[in-house]
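Below is one structure, written out as structure tokens, with a few remarks after it.
Should a chain be cited, it is by its letter among A, B, C and D, assigned in written order, with residues numbered from 1 in that chain.
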Amino acid sequence: MSHPAPAGPVLEVDGVSVRFGALIAVNQVSLSVGRGQIVAIIGPNGAGKTTLLNAVSGFYHPYEGRIAFEGKDRTRLQPPDVAALGIARTFQNVALFKGMSVLDNIMTGRLLKMRGSFLLEALYWGPAKRQELEHRAFVERIIDFLEIQAIRKTPAGRLPYGLQKRVELARALAAEPKLLLLDEPMAGMNVEEKEDMCRFILDVNHEFGTTIALIEHDMGVVMDICDRVVVLDYGRKIADGPPAEVRKDQAVLDAYLGVAHE
Amino acid sequence: MIYREAGRFKTSYASDQAIFPIVQDRVFVRAAVVAAFVVPPLVAGDYWLQAILIPFLIYALAAIGLNLLTGYAGQLSLGTGGFMAVGAYSAFKLTTAFPRLSIIAVFLLSGLAAAAIGLLFGIPSLRIKGFYLAVATLAAQFFLIWLFNKVAWFTNYASSGTITAPDRTVLGVTVTGPNATAAARYVMALAFVTVFALVAKNLVRGRIGRSWMAIRDRDIAAEIIGVRPLRTKLLAFGISSFYCGVAGAELVFLYLGSAETLAFDINQSFLVLFMVIIGGLGSVLGSFLGAAFIILLPIFLTRLPHSLGLIMSVALQKQIELMIFGGLILFFLIVEPHGLARLWQIGKEKLRLWPFPH
Amino acid sequence: MAAVAKSTDAQALDPEHDTFPKLVRLNARRLGNKVAIREKDFGIWQAYTWSQYFEQARLIALGLASLGFARGDRVAIVGDNRPQLYWAVMAAQALGGVPVPIYQDSIEKELDYIVDHAEVRFAVVEDQEQVDKLLSVRARCRHLQHVVYDDPRGMRAYSEPGLVSLAELCELGTKFEVGHPTHFDDEVARGAADDVAILCYTSGTTGAPKGAMLSHRNLIATARNAARCEGLDQDEEVLSYLPMAWVGDHIFSYAQAIIMGFTINCPESPVTVLSDLKEIAPTYFFGPPRIWESILTGVMIRVEDAGRPKRAMVHFFLRLAQDIERKRLGRQAVPLWQRLLYLLGSILVYGPLKDNLGFSRVRRAYTAGEAIGPEIFLFFRGLGVNVKQLYGMTEASVFVTIQRDGDVRLDTVGTPITDVEIRISGEGEVLFRSPGVFQGYAKNPEATRQTLEDGWIRSGDAGFLDHDGHLKIIDRAKDVSRLADGTIFAPKFLENKLKFSPYVREAVCIGQGRPCVTAFINIDLAAVGNWAERRNIAYTSYADLAQKAEVYELIHREVERVNRSLAEDEVLRGAQVRRFLILHKELDPDDEEITRTRKVRRAYIAQKYAPLIEALYSGQDRVQVEAKVTYEDGRTGTMRADVSIRDVDVFSAQAAR
Amino acid sequence: MSDLLYMVLVAPFKDMAGSPAFLVEVLIGGVFAGLMYSLVALGFVLIYKASGVFNFAQGVMVLFAALTLVGLLERGAPVVVALALTAAVMVGLAYAIERVVLRPLVNQPQIILFMATIGLNFFLEGFGEMAWGANVKKLDIGIPDRSFIVRGVQINELELTAAVTAAVLVTLLALFFQTTRIGLALRAVADDHEAALSIGIPLKTIWVVVWSVAGVVAIVAGLMWGAKSGVQFSLSLIALKALPVLILGGFESVPGAIVGGLIIGVGEKLGEVYWGPLVGGAIENWFAYVLALAFLLVRPQGLFGEKIIERV
């Protein structure tokens, strides 16, 4: 699915800070995500996890620091350009296109792979039609992969929450990303749905070799599926390492105990 | 109840993605289109063609145009009248400057002119959204009308300030101007709306339609997926204005015969917007239904007192018409905010699932 | 008592076309471009022609051969209905091997047993889930060597030896063919009609599963006879949704499909079966009663959500259809006004309903396995779905009797198909003999001996042939007993009849060695509760409701109805219910009165409720009872109740009419 | 080319400098017009802020109020009584709108509510004219339309009164918002419907109140415009003039409506007087829009809006 890519980390975040007015949401955070890894970003609420992801997506721009993807600086890129590099993501509060069917939602994930030829598209003829059908075929593979055949024609807005999350993952996968950012992929799910989602994440990682960075609160999940864990607290990175080590880290324990009693 | 879908399985994506995947729909629509071309010219009187069917087709085209922009791409526009005017005046200038140019080419070029202007006025959509944008499109409406009013060049320095449709033929049949029969103009309008409705359907079911709807439903998520907002919105403005431009040209050339800027004032914008909303946002079919509703309603209201045997002053009748028109709009919005197309959709689903309710 | 239908070419099979691989090869030649299998995959129906069917199976066979497949090797087939797995069945047969289809939802213990017992060497499975199961089985079973999987999803990290994907297997086959160009044809040619074609494990209600060996001849002869009896042709469409491990699917989706050359359709996933059914609209359909029942329940639930007028309209027409169908089956005249109304109903209800269910094209549909509720049967027949009952067994290659078109009855399972002979043993057990009679149970001569006697199969069912030659099944033979006066008494048959009433949830009939039949009834709390509410009968609990005089009246009528229908039956006429009582509590698995699958534990109940039984036979009309109950939280308690007993009239044959 | 540049960039300013008194007159005229715009825009803002409805019928409400007032005056009602009755009518109207339009459409997308107000627009137009007649009417509430001259600058008494009234009204509104419970609720409701409910005032009441207040504002606007140019259908079109004010000031900002109104009023007058002749005049229909649009491109959040931080 992907070409042989340069060695070295896929994503490097170097001393990045993001601020809103006086609030410094992310404070000089550095981290790197190696090729094929699954890295979790954890931390108490308000630790700046989503903001960091937003900065990687190009939605916010850091006021200092640098973000590099596959060795190239991309700190200042706009979201569509970031997507074009091969970074896809899901959102904390599912951001599906509610007026469209599941199938069309996933098809939007292919937009970057489609080439425009306006007149042919207006006539739905020749290459334009072929392109549509080819991408449909690709999307069907993802539908199959995520086992959502039964709902492909259902309007996304009508799905239960757990399935919406799965469709959102499908949409992100449709872009064939090199780096997949998942913002709380398992929030609000029951145990069974969580297990499914874990399996899907691992399968994506194994099958396509996709590098994954995810934000997750469920420590069990994090310990199970992640190669590395980065811990944020109040916008700062306080730990970074294999799950087993991070778990014992005193700073992490303090941060979590602090919020546990809130 | 009428639908029989069992055993109609899809063996290719092409058949699954067809505009009308259900056989009955396909047959019905094809038959309806053929009937539309054949029956009214033979059967309908001039009044029906001239006063009802021709404006219906023209407004349906404009409504499709606005629906692409507002219903599919989610950009509210109140400048429809202005864009229609661009089409009308371009067509007038083109026919007078190039008398030998085919009228079909004239219409298409007028659409392109409107598209260009639409693109220009779509630029603010990058920075502003929702009602702010709607108000900004009013700028287009007022500015364009003012321009056509003020600059005599557009009317070829006619002292009356009106533009008039000259006689033009297609395949030897006069289709515009004072000598064209209502039937010929009807067929012309029908041909255009048929082709462009199909084009609209093709656009919205493909790459472009999906990027429009993505922007409409969740603009931020769309951007992060890789949809470029400006390009996408501008394309919607351009295509929408193209439709409106062609409709504007048709309005003068196939319906009114001659017109002043008054024909394209702000009320025109509202009228088309009503068609879209009453018909159903995000539905090509709804554009037709909405156009039919808005065209027929005043005619019905005008005739109602007469057929009830009531005699009232013209002014009073006008006022009552206004009240009923406004009241019915409110009524429709309250009963079915998603428009006639949704009612149609629900009815169709009911028939498909009959005797099950859902 | 014997019924025989004999054809001339009974056992003779053309040696060129006497095995399934040979027949598929014939199809590939004759019907090369005709669609053999469709599978809904990636959102559309992907079609494979008979030549593709043959070619794919051939490659799989060659691949297996390259792995050292020897004649007689057993191949486990595990997974949902997939074209690839049907091909694998043929591939195994082509090499003289024996496919052993296994239920895809088997737990490891069952899988372990079958794989070990059948000495399975190869397994062709659907996906990772099955691979995992088989790999852990392989750790214990010494025979199993190679596992082939179709779906590579999630398999990347597996590096176990002997694990190969189907695609890789086909590649191996292509390579193997280079060195052995005639291997496949040679092996197919070596196949003979009496080779074992399939090993079907039946899950006995007692003991370990038994593997019934069916030969090509068994299957071909039986499938062909049934197809001829029923007039199947090569344009049939079948939905292959029942487990491949079940002999029925093997007959319908494999044997008959190959013999007739018709098309089978594999659903997209188990959850989409109903919508796939609608899309395909099969012409030939088989469903056990529970499938028909669940479709009917689905219809009723959805109709309940409709507005009142529509609901009333639908119910009216459904009742009408059932009424007409009942008359038709009873050979009674249908009044003209009803026929006219039926026409209207076809437009308003039956046509659209059939279309929505996917039954608009079905020409013949079957139910078998156990008794189907008459309401369910009448419902579908009333709609115009030609559903019929058949009687069959794994050991007979399924078909024994089928109801013929125009000769469908509510309470029989039809007449024997071509070449099937039936007789009833002295004990009332149904015995039959046919070309489909199996070769015996694998590695189980004891069980074979018990079942197979001089070419006759002991069905284990009690039944009789009525004067029209229709077979009527009463009960499992071991459950049938006699009253004190020697009258045949079939408790389960009676209980089922009672349970056809919506108001009766459970029934236990007593009578063995007694002078007459009596019954315990459990009312259906929902249905009776609803009924009571409509009549403004207030009640506080199940026990309270159960003892209401009005409820007794209601159940009384239901029991009488059963008696009336029994009176029409010459054999069972004597076993009508004389007395009954409504139990003060629901039979509950927690109280060990019924099993988790809701089978009545007769012996336990007889012991636990001995005083009640005594009361039933002592002429009292009231009895006090104390019972131990187990609450949901595990606590136990005693409840005391007064239980009434009612007498019921019995009917003579004349009175019943 | 340079001629054109001169005419656009230099000549108008020379004219201004050449006749400062005239410039002041123009500016005063602009301020007056701006205040009138502000009054209409205020009606919009109040309703948008509290119910999220873009009330296109605000212009017709102005017309309707003026028609009612004139109708009552013509039938001999004293000014004070007529004003009170008109206010009562406007409150009744607000109540009816809440019942008939807003309540059934609660939770619908904004565009639907917007369309509903256009329907309302038609209805009120027909209703108002049917009830009070469609002729142009003179509205005379006793303020003389006289001018006096201060230091060479001509000032119109009516305009002055109107300006003062508008200023007073705005002050009153500001006080209303700052100090009363309903005012607080209104401010809360703009942010969060549930928060507003927690104050203990039902949403329905808030809507009625806010539409009533918008109706009263409409009376004042109708009074002023009507006194100046007669009560007639075109009065409803001033709503269109108030829209650019809204983009400029922001849909939810009361000060924005006022300052925006002044900017548009003054800008429009200056444009019309000094640049209008260059393009043949009658630019007042669109000049305000282009002005607002140009402004928006620089500052999309409007005059008083805060920079929106979008969340995902």
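Here is the rule we use: a residue touches a chain if its C-beta (ideal position, glycine included) is under 8 Å from a C-beta of that chain, and two chains touch if they have at least 3 such contacts.
No experiment lies behind these values; they were computed from the predicted model shown.
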| item | value |
| --- | --- |
| Count of contact steps on the shortest path from chain C to chain D | 2 |
| Contact-richer chain pair [A-C vs A-B] | A-B |
| Rounded Å distance between chain A and chain D, as computed from the means of their C-alpha atoms | 48 |
| Centroid distance [mean C-alpha coordinates] between chain B and chain A, Å | 41 |
| Geometric centre distance via CA averages, chain C-chain B, whole Å | 59 |
| Shared-contact residues (touching 2 or more other chains) in chain B | 12-13, 16, 220-221, 224 |
| Residues within chain D bordering two or more other chains | 310, 312 |
| Chain C, residues touching no fewer than two other chains | 43-44 |
| Chain C to chain B touching residues, read off their complex | 38, 40, 43-47, 237, 278-281, 299, 302-303, 305-307, 310, 313-314, 347-349, 351-361 |
| Interface residues, chain B side, partner chain D - complex | 70, 76, 124, 127-128, 130-132, 134-136, 138-139, 142-143, 145-146, 149-151, 220-221, 224, 266, 270, 273-274, 277, 281, 315-316, 318-330, 333-334, 337 |
| Chain A - residues contacting chain B, complex | 57-59, 78-80, 82-84, 88-89, 91, 95-100, 104, 107-109, 111-112, 114, 116, 118, 121-124, 128-129, 131-133, 136-137, 140, 171, 175 |
| Of all residues in chain B, those that touch chain C in their complex | 1, 3-13, 16, 353-358 |
| Chain C residues touching chain A - in the complex, by the definition given at the top | 41-44, 153-154, 156-157, 268-269, 271-272, 275 |
